[in-house]
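First the structure, in the form of structure tokens, and then the observations on it.
By written order: A, B, C and D. Residues from 1 in each chain.
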Amino acid sequence: MKKKSKTDPALAVDIAGLKMKNPVITASGTFGYGEEYAEYVNLNQLGGIVVKGLSLKPRLGNPPPRIMETTGGLLNAVGLQNVGVAAFLAEKLPFLRRYDVAVIANIYGESYAEYARVAEKLSAAPGVHALEVNVSCPNVKQGGLSFGANPKAAAEVTRRVKAATDLPVWVKLTPNVTDITVIARAVEQAGADAVSLINTLTGMAIDLRTRRPHLKNVTGGLSGPAIKPVALRMVWQVAQSVAVPVIGMGGILTAEDALEFMVAGAKAVQVGTANFINPLAAEEIVQGMRLYLKHHKIKNIAEIVGTLQV
Amino acid sequence: MTEKAMARNIYLGEVSRNEEVRPDFFLMKIRLPAQFERPLPGQFVMVRVAGLQDPFLSRPLSIYACKQGPRFCTIELLYRVAGKGTRILAGLIPGSQVELSGPLGTGYRVDRTKKNIVLIAGGIGIAPLSLLVRELRRRSCRAADAMTVYLGARTETALVGLDALRQSCSRIIVCTDDGTLGEKAPVTKAFQRDLPKYNPADTALYACGPKPMIRSLAGLLNDQYFCQVSLEERMACGVGACAGCVVAVKDASGNKAYRRVCADGPVFELKDILWE
Amino acid sequence: MKKKSKTDPALAVDIAGLKMKNPVITASGTFGYGEEYAEYVNLNQLGGIVVKGLSLKPRLGNPPPRIMETTGGLLNAVGLQNVGVAAFLAEKLPFLRRYDVAVIANIYGESYAEYARVAEKLSAAPGVHALEVNVSCPNVKQGGLSFGANPKAAAEVTRRVKAATDLPVWVKLTPNVTDITVIARAVEQAGADAVSLINTLTGMAIDLRTRRPHLKNVTGGLSGPAIKPVALRMVWQVAQSVAVPVIGMGGILTAEDALEFMVAGAKAVQVGTANFINPLAAEEIVQGMRLYLKHHKIKNIAEIVGTLQV
Amino acid sequence: MTEKAMARNIYLGEVSRNEEVRPDFFLMKIRLPAQFERPLPGQFVMVRVAGLQDPFLSRPLSIYACKQGPRFCTIELLYRVAGKGTRILAGLIPGSQVELSGPLGTGYRVDRTKKNIVLIAGGIGIAPLSLLVRELRRRSCRAADAMTVYLGARTETALVGLDALRQSCSRIIVCTDDGTLGEKAPVTKAFQRDLPKYNPADTALYACGPKPMIRSLAGLLNDQYFCQVSLEERMACGVGACAGCVVAVKDASGNKAYRRVCADGPVFELKDILWE
């Protein structure tokens, strides 16, 4: 690794007690379990990795086709295919532990109890540094979005997970709601240590030739730069509504995008779909942030968070 | 070369040739740094025009040929203009830059114990199989007549790669849907007729083509043969991270599972595939 | 004009009694009062024109900058700048009356009473063929979105407008809600003759250089192909939830896009942002629909509406 | 020509030249059908690369020159690479197609009663003013020394259009911020010094440049002069339909109103502009 020069700006952030060397995290579902990108990306350069959403039992996921490109975006209905929490701990986590990077487990349950069980199992394992509670997946029948769009249910999931773990708990919010600040405040009051947003916007694509949906699941979640304006707006709104840290995402491709989210109030950012079109995206964003701060003589990244002048 | 070229498996390549070899079929040569790994037949690259964000995703294309030199590696892609992404690729002129990662995925596994090698290609499925034929001749020292290729297409003008193939293989059975060249029959029909000649014990089959072709092949072979097929699905990441490109298979215990075409494939054992 | 050949497929539609020669309508706010595009487009070729949102008094609109490009989309915060209903009737409508095209007045009020007054004034004038009630503008302080996101308020606006007019009433829905079908059903029950959707998604863009929003109004409405997947999904959901006709829009650029909305259940479509990047878009869409139907030997456009197989 | 070319004011044009005339400044020649209307100085076109949807919106560029022939009309655009859209334009090679509508907007109004013509250009603001100068000479038969041009830029290399301008105008006062050519001063400073020479009654002023320049001009002139300025705002439609490009002005009754730069402008009377 490169030695830090004296004039290097400070990129380190602390999200509810979790210290990361920089605020750039790869987003759940877009970076596998880390190992998939290990030969492309120097994982040690990242602030954190959020692994693919984990459930108690392995999940098959939805039948294909699962993805479709749209203008500036990607629709997906993967349906939380994952190895399950036990296999994650046995087969995937040991690999991640070899790196100097925060590991955040994204968790999903079909019931309050399942959320709690998954949280409990992950908390016992060394090497998981925080939990991100997915109450916002649009691609599963049970749980997911139905919890996330309802402030009471979202709060209850948060309480149960908090009771089951000592790890910092991030709650990941859906944008498919009338007022995201209501949900954000509800989970904050229920004990969330941070909120991350946004998950995907529910969308659809149609194959005119067959008059069928392009996705077997009919609808899917829209991600990528197409949704960035919506994501930025919500991050800005939520950052003004809650006291806990906000982790922003949605269409971030470049360091400039990431910094815009931070100016809007995000203390850290996640990079999702960008990994697909440029596996080096997250690393390049870290590097770009460093250059930006240097160039603007900003000593610490914290100085720009929430500095939007309206 | 830029920094991008330094990272493993991710390169900035330069288009050195891009020609329409048949109506709507193009052959693109891309110059890459020498460290581009020697590809296995069946492997592919994800490619996009450097700096362009429309289309949004990279496109998967099989490696059709690869020549490694001391300073550069040149790969060839043989592709059909299917939609927006390939249409844009087709418009690139020599000197254009492409972002490319690869080689990706699994390759065909060559079973040296089998004496009959049979390849079945439908349409642009010829791309990965051509590389396989050349590698078989070169590496396994197979004779040009130790292999049989069944090659099918809609019509004569869609029969790409045939001339090149003739240089490495002398037994080529050509079929077209409209009879403009070779037999007027689906390629699987021609193969079915010859099937009794091929003993399961000493025949290795390799196929690539549209799904209906692969499916009817599965019906013909009935799990009796060693047969590897290369599949195509829409892809986002190309490296196994998004689980977007899955295909249903029977897992080791015979249960249904989804495997990623990009990372667990694109080459699969035909008998593992679940036809739903 | 070209004579219709015997084999020409039928494109005519009837939306709650309003007959249009084809289902392609230009969307409110994207086609001015028609006259702006008259030298580019043959207005007689269009099914209908929805004029810029009208309020009782002229409105200045929001201070500039009002627009910003995003990936595959456009953010706008025009804020309903318009000449007011009186000037519309006196100065703009006479021009439109010269054309053989349905004229739909998009209306906006800061109160229930204002909506009713605007509706009343427009109904007295010959040459207005339907009203489209905008309860979904994200760019104004009063009215607009606050009505549209609340089923009770949206229903009340609908009732008041219905009581004030004999014209068919379309209610235009906002996508910035948790469940758009709830609003759609509420306005249907309150008497809406049709629903049109979607209006813009609320979004934001930030200028990193100045750390200010690109729009003076801070947030704006996102339109264009970036939002098409969300629009298609909502049109499909609403078409299954209400019996009244659905008029679909959101990112339509081509005839193929328009036909996808119709397959999803829209009886007619509106073309918005596309006009900006190609003034001929709406005309080309009509022409493209005709070719599609011919090519697929479909006699009447109605045959494809709602034919999505899921 | 395609059907698109038939519609009034919308054309498919072909790039016939596109050269970097100064670092980051390009001159593009576009060949259009002969029916392209003769542009007034100050008018602009909306331009986009045919078939490309990224960037999403067309870009407004002033018409810098126009030559009408019997079969074609050739226009020239002089532009600075400011961001993504202009960077992509800069990459076009001869033969590329652009979609273009225009001429759009209002032009400068030439007041023949004024004997002094003074033009003030900041940076790329030279583009519309160059056309004005040439038209003044041609149509109003002004002598080359009947006009004075104040031309400012950051630095010498950003002084585009100067050589061409010298052919139609003999009185050019050049300023650069860094003093690399001409006076080391803002162009408005140089103009301010000469201002007493210009009598409001027989002077017509025309300006184009960045907002701060226009604003300080407003301060200097204090509504005493006939002065027309060309403004720039981000645009979506370019034809007055979206109300996206407005600027605040005093309307006839002195009240604040928003006017569309694309349709009510881009040329405005300086004294009408409201500086908020």
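The criterion applied here is as follows: a contact is a pair of C-beta atoms (placed from the backbone, for glycine too) under 8 Å apart; a residue touches a chain by one contact, two chains touch by 3 or more.
Only a predicted model underlies this, so the values are computations on that prediction, with no experimental measurement involved.
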item	value
CA centroid of chain B to CA centroid of chain C, Å	47
Rounded Å distance, chain B centre to chain D centre (Cα mean)	54
Chain A-chain B separation of Cα centroids, rounded to whole Å	35
Set of chain B residues in contact with two or more other chains	53-54
Where chain A touches two or more other chains, by residue	70-73, 224-225
Chain contact graph, described as a line, ring, star, complete graph or other shape	ring
Interchain contacts, given as pairs of chains that touch	A-B, A-C, B-D, C-D
Chain A-facing residues of chain B, complex	4, 7-10, 48, 53-58, 99, 101, 233-248, 256-258, 263, 276
For the chain D and chain B complex, residues of the former touching the latter	52-54
Complex contact set, residues of chain C against chain D	29-32, 36-37, 39-41, 52, 60-61, 63-74, 76, 78, 81, 224-225, 273, 275-280
Of chain A, residues touching chain C in the complex	70-73, 75, 149, 176-179, 201-206, 208, 210-213, 218-220, 222, 224-230, 232-233, 236, 251, 256, 259-260, 263-264, 304, 307-310
